[in-house]
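Look at the two complexes coming up: subunit A is in both, with subunit B in one and subunit C in the other.
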Partner chain A sequence: MLDTLKQPKRGVVSPVSREQYVDAFNWMLLARTVEEKLASLWRAGKISGGVYLGKGQEAISAALGIMLKSGDIFGPLIRDQAGRLAFGESLIDVFRVHFGSRTSLSRGRDGNVHRGNPRGGYHAMISHLGSLISVVAGALVARRFQGDTTAIGATTIGDGGTSTGAFHEAINMAAVEKLPLVVVVVNNQYAYSTPNSRQFACSDLVERATGYGVEGHSLDGTDLQECLEVLGQATQRARSGHGPQMVVGDCLRLTGHGEHDDASYMDKTLSQTRLGRDCLKIAENYLQERHWADHVLLEDWRKNAKEQVENAVADAQHEPLADPAMETWCPYATKRIASAVLVR
Partner chain B sequence: MPKIPIIMPQLGESIAEATVVRLTVNVGDQIANDQEVIEVETNKAVMSVTTPCQGLLDSFTAEVNETYPVGSTLGYIEASAEDVERLNLAEPPLVASAWFGPSHNAASADQTLSADDSLADNLEIPIGQNGAAYQSPRLRARLQELGIHPDDAAVVPGSGIAGRVTVRDFEAYIEGLNRLPSKKASPMRLAVADSMRRSWTRPLATLGVSISLEPILAHRKTLTPSPGPALYLAKALAIALSEYPQSAARLIGDKIVLPASIDIGVAVEVEDGVIVPVFAELDKQPLAGLPGQYKKFLQSAKEKRLPEEAKRPAIASVTNFGTLGVHWATPIPLPNETLIMGLGYGEKRPFWDETAGCFVPRLEAELTISFDHRVIDGGQSGRLVRRIMELLGAPEGL
Partner chain C sequence: MTITYLEAIREAQEKALRDDERVYIYGQDIGTLGGAFKATKNLAKEFPGRVLDAPISEDAMVGSAIGAAIEGMRPIIEMQFADFSMVAINQIVNQAATLYWRTQVACPITIRLPSGGNPGSGPFHSQCLESLYSHFPGLVVMTPATVEDAYTMLLEAVEIDDPVIFCEHKYLYNRLKCEVLPETGLPCDTARIARFGRDVTIVAYSAMVHEALAAADQLHKEDIEVEVVDLRCVKPFDLKTVLSSVARTARLLCVGESWPWGGVNSEVIASVVTHGFHLLDAPPQRINSKDTPVPFHPSLWGVHKPSSQVIAAAVRRLCDW
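Let's look at the complex of A and B:
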C-alpha cells in the first residue's frame, strides 16, 4: 500500500556522478562551517537576534540547491544554509545579514533568516510556516504569465509546517494549477519542541501527496546519495510537466530549534537510530569508500571552507551597520517598488 | 597589544541577563578562534560564551555566580594588531543608545555608501506616508521613551525622504529645546492639555450673537448677593437645555446619549489652569441661591479642592471670557460635553431704537456657543441661542 502511495519512486534514476556528489558535499561542508561560525559569533555577542542552524539537514538542502538551475525559484527555510549557498547566495551576504549590515539583502532591516533577493528568484524565508509555498507558487504563476516554461520552483518546509492551513491551501492550489513546484518536507522529528506523535496522525507525511493529487517521494535525509537521486528525479519530473512534487525527507535535527534552545526535550534515543546519523559524516565515509576523496583531500576541503568563511566574516565586519536614523521605514510595496525589486 | 572585550551575548530573544557559572580557561591562556571561555546560565539553558577573536586571555572582570546584563564586559582578550584590523574590532559594537547624537558610524558609513543608497533605492513613498504625518516605528519608540505625545513631534520639520521626520531631526529638535529655559509642567497643566487634546478629536463649530446685558444688570440689583452675568447665563442655559435636552446629548458609537440631569459647569481661572465647578440640576435651583454657592466654589477652586457635589461631570459649561476684556472667543467644550457657551466683554454700543427713531446707548456683549457638530447642527444651536437670549431678556423668569 505505502509503496504505491510513494510512486513514482526511483523509476529510472540516473546514477549520481562523482562530480555531482562532490559538489553537493562541498556545499554541505561549507554550510556546516558557516553555521559553526555563526554559532560562535552569536555566543561572542556579535550577532543579535536568533541564530538557526541546519545541522543534520545539509544533505537534503544541498541536494535540492544543486538541482536548481539559474532562473529557477527557491524559497528556503531556516535550515537551508546548504541549499542557499548551492543556489548562489554569497558567503558575505550570510554574514552581512547576521551582523545587520546596511549592505545586507535586507539592508539591515531584518536579521538572520529572513533574507532573499526576489529579483534573483530567491525568496526570503517567511516565519509564518506554509506561506512560503504560496509565494513560490505565485512566482511560478507569474513566470507562466510571462511565458517562461522552463523554470521550476522549490521550497522547504518542516514536519510542523505541514500542519498549517497555509500548507494545505498552497499545495492544493499548486496541484490544481499543475505548477512545476517541488515542496520538500524535511521531517526532522520535532516542530520546535513538538514531536511527530503530537504533530500528525498519518503514518508517513508522504501519504498526503495522494490526497492533494501530487506525486510523492520519500528519502533518507542522512544519505546524500539518496537525496541526490530522489531530488534529482523530483526536480526532473517537475521540470517535465508532471506538476507539483512532494518530497518527504526523514532526518533528525542535530541542534536546538535555535542556538538559544538546548533541546533538552528531545528523545535521546533517537540519536542512536539511523535517523540520528550525521549526514556530513556519512557523506565523508561514502566519499572514501568510493575512493572519490581521501583523507588529505577532505582535510583540504575543510581548510578551504574555513578560510572562505573566516575571510567573509572579516570582510563583513568592515561594513557599516544599518542606521535606523537613515532608514525610510517604508513597509508597503508600491507598484514601482514591486517592478524594481520584486519582479525579475 | 590591543585588549578586546569579551561580551555577554544575547542568548535568546527574551534574555536580558545571564549568570556566570564557570570560567573554562585561565588568565594567560592562549585562546583559539571560536574557543569557549565562559559558561553562563540563562533561565532557559547553560551556554558557552566565545571570544570575538583568538589571542591571550588577559583578564576576567566577571565573577562566578554573579549575574550580568546582556552587553556587559566579562573580560578581555589580548589580540594581535593584525586580527583587530582584519576583524574591525577596534570600534565597540554599535549599541542602541549610540544611534542618537553624533554617530561615528554614520560618518564611516557615508564613506562607503552615498546618501542615495540609504534612501530605499530612491523608490516612491506611498501617499499618506509623507512628511510629518508619517512617524516611523523608530521615531514612535523614541517619542514613547521620552514620554512625548506624537503630536508634539509633528512640529518638527523633516529632512528625511519625502519630508519625513527622521530620528536625527527629532534629536536635533530636542537638543535645541534643551538649550532653552524650561520647567516641569504642573499636573494641572498636563491635565488641561490632555483634556483639550481629547476634545479636539471632534469637529467643533462656533457661532455667536450680540445680546443686551441691560435686563440682567437691572435684575441683579434686585438680588443680594447679586449674581454675576455668568450665573445668569448658566441658569438660562440650564432652562433651555431642560427644554431641549437633545442639544446636550453625546454621540457614542451609534447611540445618542441624553443627559440624566441638567448639571452645568462654570469655568473658573486658577493658577496655571482652569477648574470647572458644576452646579447640579441647575434648572431646578433658584437664581437667588446661586451667588452663595458660587462663592464657595470659587474659594475651593482657588485651593484646587472642589466639594464632591461640584465635581460631577457637567453636560455643558459656561465661560465668561468677558472678564478678561475679550469680546469674542471660540472656547472648547470639555471632552464629555457637547457644548460650551461663552460671554464676551460688556460695553456700551449704539443701538437703533425703533420706537424712539434714534440710536440709544446700550450695554451689549457677545454670546457664543461652541458645539460638537456631529451631534447638533447650526439650526439647532441657533434655536438654543435664541431661546437663551429670550430667557436673558426676561431674567425675572430665571
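Let's look at the complex of A and C:
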C-alpha cells in the first residue's frame, strides 16, 4: 500500500514539456537572483529584520507555483520565493516588504516573508509553523460552499513544521472534509539547527499520508523534472476529486536558516550526497543536455533576471517608508468599532 | 411562550443561517446531537450541509474559519467549552486577530465560548476567559448578560467584520428567560444601565450583572442605592457610560468572574482613575474570582466566584469610606 502511494504513477503522468520546464526554470532563476540581492542588501544593512532564503528549494517551489492556476489558493512559507513569483507575486512587492515601504502589502506592519494578498488567494503567513494549513483548508471549505468545483489549494511546510499539532489537526481535518488540498513537505534535513533525527522517528515522512488517509507522493527536490512530474500529478489528483495530497520532497538547505546563521552545525558530508546538489545547476545541465537551451540563451535569461531585480530594487527604494504619523494604530475592520476606539 | 438565554442563542444562529448564506456553523457534536448544550438543536436538519461536526481539533477549527472568512464566509465556531479554546489560542490571537491589521482583509468570524461554571463543573469546564482574550489587539469580546442581548449581540457578532469572542454564560443558559426576542438591540460597544442608583456604581458583565442586581436589591432595603452598569461588551468597552455613572455616584466597584490579574476589572478601574480621578470620593474596588483554578465541589465553587453577599459587603465598605 505504502509503496504504491509513495511512487507516483508515472504511466499516467503527462511528460514535462520544454515550455513547462523552461517556465519553471526561469522562476527558479529569478528567485535565486532575488534572494542573492536580498542577501547583499541585508549584509549592507539596508533591510530591517531577518532575511530567509530558499536556496536549494527553488525546484520544488517553482514547480508547485506553476501547477497552480488563477483562482487557486496558495499558502507559501519562508522558502517559497520561486513559488510566490510563479503564482504571480510582483517583484517590487518582494522588496517593498523587505524595506518596510508604506506602499508594501503589509504597510511596514510585518516584514520579509510575511506578505500576501489573501483575497487574491495568496495567503500571508504568520510565523507560527503549521498554522497556515488549516487556513488554506478553510478557504477551500468556503469555495465548496460557493460552488467552486475547480479550485485547489496548496501550502508548504518544512520537516520541522510537521511536528506541530497544527499540522496534524489541519491535515486530519482536510482529509475528513476531502478537500482539494496539496500539502508539500519540504524536507531540507534541518529545522534551524535540529536534524531530522531529533525531529521525527518515522523512516520517511510520507508514511504519515497513510495514517491520515490521504494520498502520498515522494520526490527528489533537486530534480526539477521530477518536481514537475510529481507536483503535476498531485495537483491533478487534488483537482479531480481525490482529496488531500501529501507530497514529501527531499533536498538540503543550501544556506543558513537565515542570513544571520552560518549553519556551522550542519553535517558537512550531506552536501556531498545527492541531496546536496544545487537544483538550479542540475536544471541548467538538463536544459543543455536536452538542447532546450544553450550557453547563450542561459546567459540571456540570467541577464534578464538581473535586470528585472535591479529595476524592482531601484523602484522600491524610491518609495516612502512606514511612518508612525501615518499609521492608524487601530486593528479593527468594523468602522463603528474602529472609530469608537480611535476617539479614545 | 418564554425563551431562555440558551434558546436565544439557538434562535440567533437559526436567523443568521436563514438570512445570510455566508453563515455556517462548525463545532464538535453540533450536528445530529445539536451540541453539548443543544445550542444548535435541529439546525443541522434545517440547514443541511451548513452545521458541521468538527473533529476534536480546535486549532484547525479556528484556522479553517479564518480561511473561509477570507473567502467571504461568516463562520460561527462553537467551542464545546470555553476552556478548550485555549488549544486554538494561536489561531485566535495571532492569526485571526492580526489578519486585518497585517493584510487589510477583514476576518469576520464568531467564536462562541460556553463560559463560566455550574456546580460541579470543575477546573476545566468552568473558565471565564474574557480577560485573557481582551488582552489581544484586534478581537471584540462580547459578554451578554440577558436573553435579549444573547440574541441581538450574537447576530451583531456575525455581522461585524472583526473576529468576535462571544462569551455566553452557561449558568444563565436555562436560568434566564424572556417573553419575546427583540428585533434590534443596542450596539455592542454601548453599555446599559441595568439599574439606576445614586450611591455606588457597580460595573459588571455576563452572569455577574445578576449577582450585582441581587446585591442592589438587598442594599436598597438598607437605603443604599446602587447603580449597575452592564458592560455587555468588555473589549472595547464603553468608558463614557461608566464615567458618567461614576460622575453621579463617585464610588466604583467592578465585578467580574475571570481571574484578578490584569483583567477586565483592572482595565476599567485603570481607565476610570486615569480619566476620572477627580470624580471619585473613594478608591475604586474590584471583586474577581479567587486566584486559583476553579474548584469542583459546589461548596468551594460557590465561594470561589463573586456572590451577591460578597458584593453587598464591598458596597457597604465603599459607602463607609
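Simple rule for what comes next: the second predicted complex is superposed on the first by the 322 of 344 C-alpha atoms of A that agree within 3 Å, B and C clash if a C-alpha of one lies under 4 Å from a C-alpha of the other, contacts with A are read in each partner's own complex, and residues count from 1 in each chain.
Just so we're on the same page, contacts are C-beta pairs under 8 Å (C-beta built on N, C-alpha and C of every residue); 3 or more make two chains touch, one makes a residue touch a chain.
Keep in mind that what you see is a predicted model, and the values were worked out from it rather than measured.
Student: Give one word, clash or fit, describing how subunit B and subunit C relate on subunit A after superposing.
Tutor: clash
Student: Mind working out whether A:G213 is in touch with subunit B, subunit C, both or neither, as first, second, both or neither?
Tutor: neither
Student: Which partner does A:G71 reach: the first (subunit B), the second (subunit C), both, or neither?
Tutor: neither
Student: Mind working out whether A:I133 is in touch with subunit B, subunit C, both or neither, as first, second, both or neither?
Tutor: A:I133 contacts subunit C only, not subunit B.
Student: Between subunit B and subunit C, which residues of subunit A are contacted by each of them?
Tutor: Correct list for subunit A: 332, 334, 336-337, 340-341.
Student: Please name which positions on subunit B make contact with subunit A in the complex.
Tutor: Per the touch definition, subunit B meets subunit A at residues 6-13, 15, 33-34, 36, 42, 44-52, 70-71, 86-89, 93-94, 99-100, 103, 105-106, 108-109, 112-113, 117-121, 123-126, 129, 136-138, 160-161, 164, 166-168, 171.
Student: State the interface residues of subunit C toward subunit A in the complex, per the touch definition above.
Tutor: Within the complex, subunit C contacts subunit A at residues 24, 50, 54-55, 57-73, 75, 87, 90-91, 94-95, 97-103, 105-108, 137-138, 140, 160-162, 187, 189, 236, 239.
Student: Help me check something: in the complex, which residues belonging to subunit A touch subunit C?
Tutor: 105-106, 109-110, 114, 116-119, 123-124, 126-128, 131-143, 145-146, 165-166, 169-170, 172-173, 176, 331-334, 336-337, 340-341, 344
Student: List the residues on subunit A that touch subunit B in their complex, please.
Tutor: 36-37, 40-50, 102-103, 258-262, 264, 310, 313-314, 317-321, 323-330, 332, 334, 336-337, 340-341
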